[in-house]
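Before anything else, here is the set of structures, which you'll find just below.
There are two complexes below, and they share chain A, which is joined by chain B in the first and by chain C in the second.
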Partner chain A sequence: MYIELLKLCGFTEDEFKKERPRIDKAFRILGINKEDVQRGENRLKQNLDIELLGVRKFLGIWMRELVNLVLAREEHRKIVYSDFPMELRPLMSMMLSTDPGDVYFATPGQVLNMTMGQIFDKLTPFLVAGEENGMPPGGAHCALYQTRLGAMVKGVIPFPDLSVIASYHCDQPAEAEQLLHEVYGVPVAYLDSCPDPNWGDWPKFNDYRVRYCGSQARKLFQMFEDIIGVKMNEEAKRTTNKANAIFRLKFQQLVELMGHADPQPISQVSLTHAFFLNSMPTRNIEGKQEALEILCGEVEERVNQGKGVVEKGAPGVFCTATISVDPTITRMIEQSGIAIRIQIPFWLSPWVMARHPYREWADMIGVGPCLDIPHSGEAHVAINLANCKAFNVDGAINFYPYSCREWVPTVMITKRTIERELGIPVLVLEGDCYDTRNYSAGQLRTRVETFAELLRATKAAKAT
Partner chain B sequence: MKEMTRVITAGVDVGAATAKTVIVADGRILSYAVIPTGDSVARAAEKVTKAALGQAGLSRTDLKFVISTGYGRNSVSFANKAVTEIICHARGVNFLIPAARTVIDIGGQDSKVIGVREDGTVRDFVMNDKCAAGTGRFLEVMATVLGLDIEEMGPVSLTSREPCSISSTCTIFAETEMVSLRADGRTREDIVAGIHRAVASRVVIMGKTVGYKEQVVFTGGVAKNMGVKSALEAGIGLPILIPDEPQIVGALGAALLAGRESR
Partner chain C sequence: MEAMKRLSDHLATRVTELARLQKNGTKIIGYAPGGFMPEELVYACGAVPVGLVRGGDPEPVAESAAYVPRFIDTFCRAQIGYRMLGEDMLYKMVDLLVVPITDHNVKTIADCFNFFANASVFRFGVPHQKDEHALAYYLAGINALKEKLEQVTGNKIDDKKLRDAIVTCNRMRELLKEISYLRLSPQPPLSGREFMKLNHASYIADKRFFIDVLESIHKELQKKHASGAKKPRILLTGSTLAMGDYKVIEMAEEAGASIVIEEFTEGVRHYSENVRLNGDLMTALADRYFQRRLPPAWFRPAKERMDGLIKLARDFKADGVIWYQLMYRSSYDIQAFYFEKFLTRELNIPMLKIESDYDVSERGPLRTRIETFVEIIKAGGGR
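Our next item is the complex of A and B:
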């Protein structure tokens, strides 16, 4: 039933044969039926540059992670979860690098989003279960945490033996994990931090915050030892930092290649799978490095051939709408004739990197802008502005995600700043990062098509 | 013979509540028609265009180019091109009132504020189609609760001496609030005026990111309501102009753009 789908996800015949019993079991637990598989195939073909091997290999890594997640309880002694903020992921990767074969580390929300959401468009049952079991609708809860709670309650993924969380990013992770602790008895490790700089502080380096984050990480490692029985070591830290740095650097090169190419060589949707694997705990480090190398080569080839998914000379934008559960918004923007020069908001321009060379994990949190969303509002605005400048875009599309306390406060400030500083238009696009019930590409189409026309007219006027 | 050299184009605007077609020849309005959209976008587009063509004594074959717009724009099979209603409204308003720099458009299920350049192109815009507050739908719901025809609301509100304050920004909550106001003995006039203020308030706030520059023009079906116009003027502190037929501005813009495309 799903051979074709797995081929689209880069599985070879041998890999499929070997993995089949596990996949059968996991898909049965997930309730994936023929209709879901067909929908998944269609979505991959319609929204991704599926003919590229690099894209297929990244999809394969996510599909394997889904199977691993679902079967984690029967295949491992202990299970540890984390999701957001993304800065926790390198810590999880470090723990994984200590090579505890019997412990499963995962970011379950992200795995479900990238597979059950992006591929199968089947997150709603989990969201509803989350709503029914402690995170009710209308409470402005983050759908990421509704999804993972729902999946656990439905018995699709196991409850963990430890959940690692931090509340500085927004209040939802801590709130959701309190529920997990109080109602389901899951031990939770909270990582405290102090990333609340005053406006005007950034980009100054705050050594105190870095040291405090470091001390919190040490506390966390102790909890891992006490509860899970896994001891952190320097070799694991070094290995992880190196692997993540190599991946990030290569990924940045790919983003730059994409951003300066005309026509836009592949859909930005096809980069999403690589981006969210950045620093994510996975045992298949070599696999993701290999996939990235292949994808870089394939994109370079397309650039050299002048092939693209958007017309050459199309107006280019910086776009922050990285919606991991739904590829259709990004595709709709591209199909409206807008080239998305850079979509990953977390890409740090050389301008930023020169100020913050990350040496240690604690730098990421302590300095402000980190490998994911900068939690200083000022940094957020400044980095978005820097990205617009770096790629010389004609406009920007700034995503306004419902129920995302971390993200929304700076959306309008960013719009005003970009318009004032660069004199280019900015479209604010409402939606939800993790819940497709709240919006659709069709609903947003009028805005995007109008914006595309506005950009084309402005570009034409500048040219004459 | 002279008739045959004319370039005749049509703009078809299929909105949530009504479908409109305007027929234009060489930059002059020949005819227009407005009908309820009903349950079929495609059928409404066919029917309203046939009606407009009939008024002008023309048939479909006389049309050189057709542009469809509105939320049903992609379902108009006989259109040569689909263009968003935001672009069409800007063009239509620019044709009717060249000094217009801001358009407030409130339709059946959405509202928009559009910044317009001198040449009739869009400078900036903001749109609400997620929430019924600030749309014609809000007024329809409230009119039903009060037992009024929607057309009656404007004149009724203008006689209010002390408009009520409707604090809820949600249509459903506002409906409950209105029931309470009625139970408190507030007059129908004051309640309706309060409703108009609530609608205007949502739109005024939304449009601040675009900015209100004179001349401000109000379009869409709700522009026929003088109470909302008055509340909007109070909200933005500027006078507002309303075209004679505010509902057909989008279709007119589409027809004019079709004229440009056909060249």
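Our next item is the complex of A and C:
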């Protein structure tokens, strides 16, 4: 039923045969039927650069994680969860300190989004279950956390033995995990911080904030040791740091290659699988590095051949739509004749790459993986502006996920700042990165097409 | 009550009085409520604190749409609206706005005042868990605030001035608590609405004058004899109970219930604890405003707040709980789900959850729901 689908996800014949009993079992629990598989194949072909081996290999990593996640309770003694936007390195270090057969680590919301969402478009039952069990509809709760709660409550994925959650980015992960603790008794380690720097402080961080985050990290590791029964070791930390640096830097090269190429060589949707692995603790480190190497080579080849998914000379934008669940929105923007040069938070600014004062990741937890939103609203706006400048864009599309508490506050401030500082237009779009029920590509298309016309006219006027 | 009349007259001219003080060089320090801002520091440097606690009006919420999407707590959007509309002098006149950063909703107030109103804003963080590190973080924050206030006013805060300010604020809190706790009696001598108006006045009124008024009111209320039939007793809790947002209290009391205690930042959390005067005073402020304070819904773990609510409900012999939250305050929305189960298990009394976006169209359905809830309790659906 799903051989073709798994081939699209980079599985070889041998891998498929070997994994088949586990896949059968997981798909049965997930309720994936023939119709879902057909839909999945169609979506992959329509929305991704599926002919690229690198893209298929990344899809394979996510698909394997889905199976691992569903079967985690019967295959492992202990389970540890976290979720986006938690900093990867502490999770990965804890994971690598444990035996692969003993302890399972995952960011289940992300795994479900990238597979049940992006591929199968089958998240609604989980979202509804999340809404019925403590995160009600109409309250703009984060759909990522509704999904993972719903999947646990429905028994599709197991409840964890420990949940590690960051509240330094957004209020909602910690609120959702508190529910998990109070109602289902799951122990939760919270990594707290406060986005309290004053306007004008960016890019400075105050030391007492970093010290506080360090104390939070120590508490987390102690809790991990107490509950999971494993002590984090130095070798795991070294391996993590090395693997993380290699992957992040290579991804940065790919993003820059894409951002400066004309025409845009592949869809930005095809980068999402690599991007979200920056915060998903998979044990398949070699696999993800190999996939990235292959993808980089393939994109480079396309650039050299002058091939693209958008017409050469198309106006380029900075776009904030990092949508894991619904690829059709990003594709719709590209199909409107707009080249998406860069998406936040794919690209790390030179300040982040070179000047960040805190080298130890235990300290950096406090300032987060992309270092802007966890700092302040001012920093978020500054990083948006830096993205626009670095890729010399003709406009910006500020797609904001309506339920994202950290994103919403600065939407209008970002728009006005970019327009004022760079003199380029900004289109604000309201949507949801994790739930397709209320916002669709079709609904947003008219506005995007009009914006594309405006950008083309402005670009043509500048050229004459 | 004569004292109430005096207070009402004082509040009517308070903004004019503050403008006069400002003209003569006194700094007016506004702050976002949430209960984490020690007013004592403002008094100790010779400035005047004013809590920006107005809410309940639809117009400022509509106005805020030009500056921030609607998916932010209604009260926080209203604060942006009041400032940008420019009709309330209090919001325009502050020399510095202090915003204790509790979550992204409150942070939005700070960002919008900074960017759109070009206001002078000072932020300091409030951690979400209580432990020694969190306490140290909060203490570092209020120490930074102290420095900022000294810089803005040009006045040093010394121990004597701070101690005097603490004594004054302690006395105010003590009186508010004594008055509020008169409602422990089977037939409360004042209504929930009357008490909340007093409590809200404490954010704006001159402290010494206010203490004098509270002393008079306390004396008068002690002499008041109980009368009338016993009413269903309601504990009102939730995210924010703003000055001017009295609709839930009014509807409940008009339906024949008695609001006996309000568990809000602008309710019992505001006056329940006093600052201890032994030891280092800054540490004492952190102890009172952070460590011993009744926690809101976004504090973790939730048990301290839930136990506190149960204790209040038990002490005040509540027959039911009204949970009043504002739109998009997700921490309260989620906690309501499991608190209701906890309440049933611990006290077996009913809870009504209400959500508001300060919209006038809510009033009809709200009244129906509240009246039904009160009727259910009257009919024995309570304890």
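What we mean here is this: the second predicted complex is superposed on the first by the 426 of 464 C-alpha atoms of A that agree within 3 Å, B and C clash if a C-alpha of one lies under 4 Å from a C-alpha of the other, contacts with A are read in each partner's own complex, and residues count from 1 in each chain.
As a convention for this text, contacts are C-beta pairs under 8 Å (C-beta built on N, C-alpha and C of every residue); 3 or more make two chains touch, one makes a residue touch a chain.
The structure displayed is predicted, hence computed values, not measured ones.
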*Tell me which partner A:447 touches in the superposition: chain B (first), chain C (second), both or neither.*
first
*Thinking of the overlay built on chain A, is A:425 touched by chain B (first), by chain C (second), by both, or by neither?*
first
*Kindly classify A:33 by the partners it touches after superposition: chain B alone (first), chain C alone (second), both, or neither?*
neither
*For A:136, is the partner it touches chain B (first), chain C (second), both, or none of the two (neither)?*
second
*With the two complexes superposed on chain A, say which partner A:457 touches: chain B (first), chain C (second), both, or neither.*
first
*Dominant toucher of chain A (residue count), chain B or chain C*: C
_Quick check for you: in the superposed arrangement, does A:412 touch first (chain B), second (chain C), both or neither?_
both
*Give one of first, second, both or neither to describe whether A:252 is in contact with chain B, with chain C, with both, or with none.*
neither
*asked:* Residues of chain A that sit at the chain B interface in one complex and at the chain C interface in the other, please.
replied: 412, 430
*In the complex, go through chain A and note every residue touching chain C.*
133-136, 139-141, 167, 170-172, 174-176, 178-179, 181-183, 188, 190, 192-199, 208-209, 211-212, 215-216, 219, 377-378, 400, 402-403, 405-406, 408-413, 416, 430
*Enumerate the contact residues on chain B facing chain A in the complex.*
71, 83-87, 121-127, 129-130, 209
_List of chain A residues in touch with chain B within their complex_ = 412, 415, 425, 428, 430, 439, 443, 446-447, 449-450, 453-454, 457
_Residues of chain C defined as touching chain A within the complex_ = 66-69, 71-72, 101, 103-105, 107-108, 110-112, 114-116, 121-129, 131, 133-134, 136-137, 140-141, 298, 300-302, 327-328, 330-331, 333-335, 337-338, 341, 355
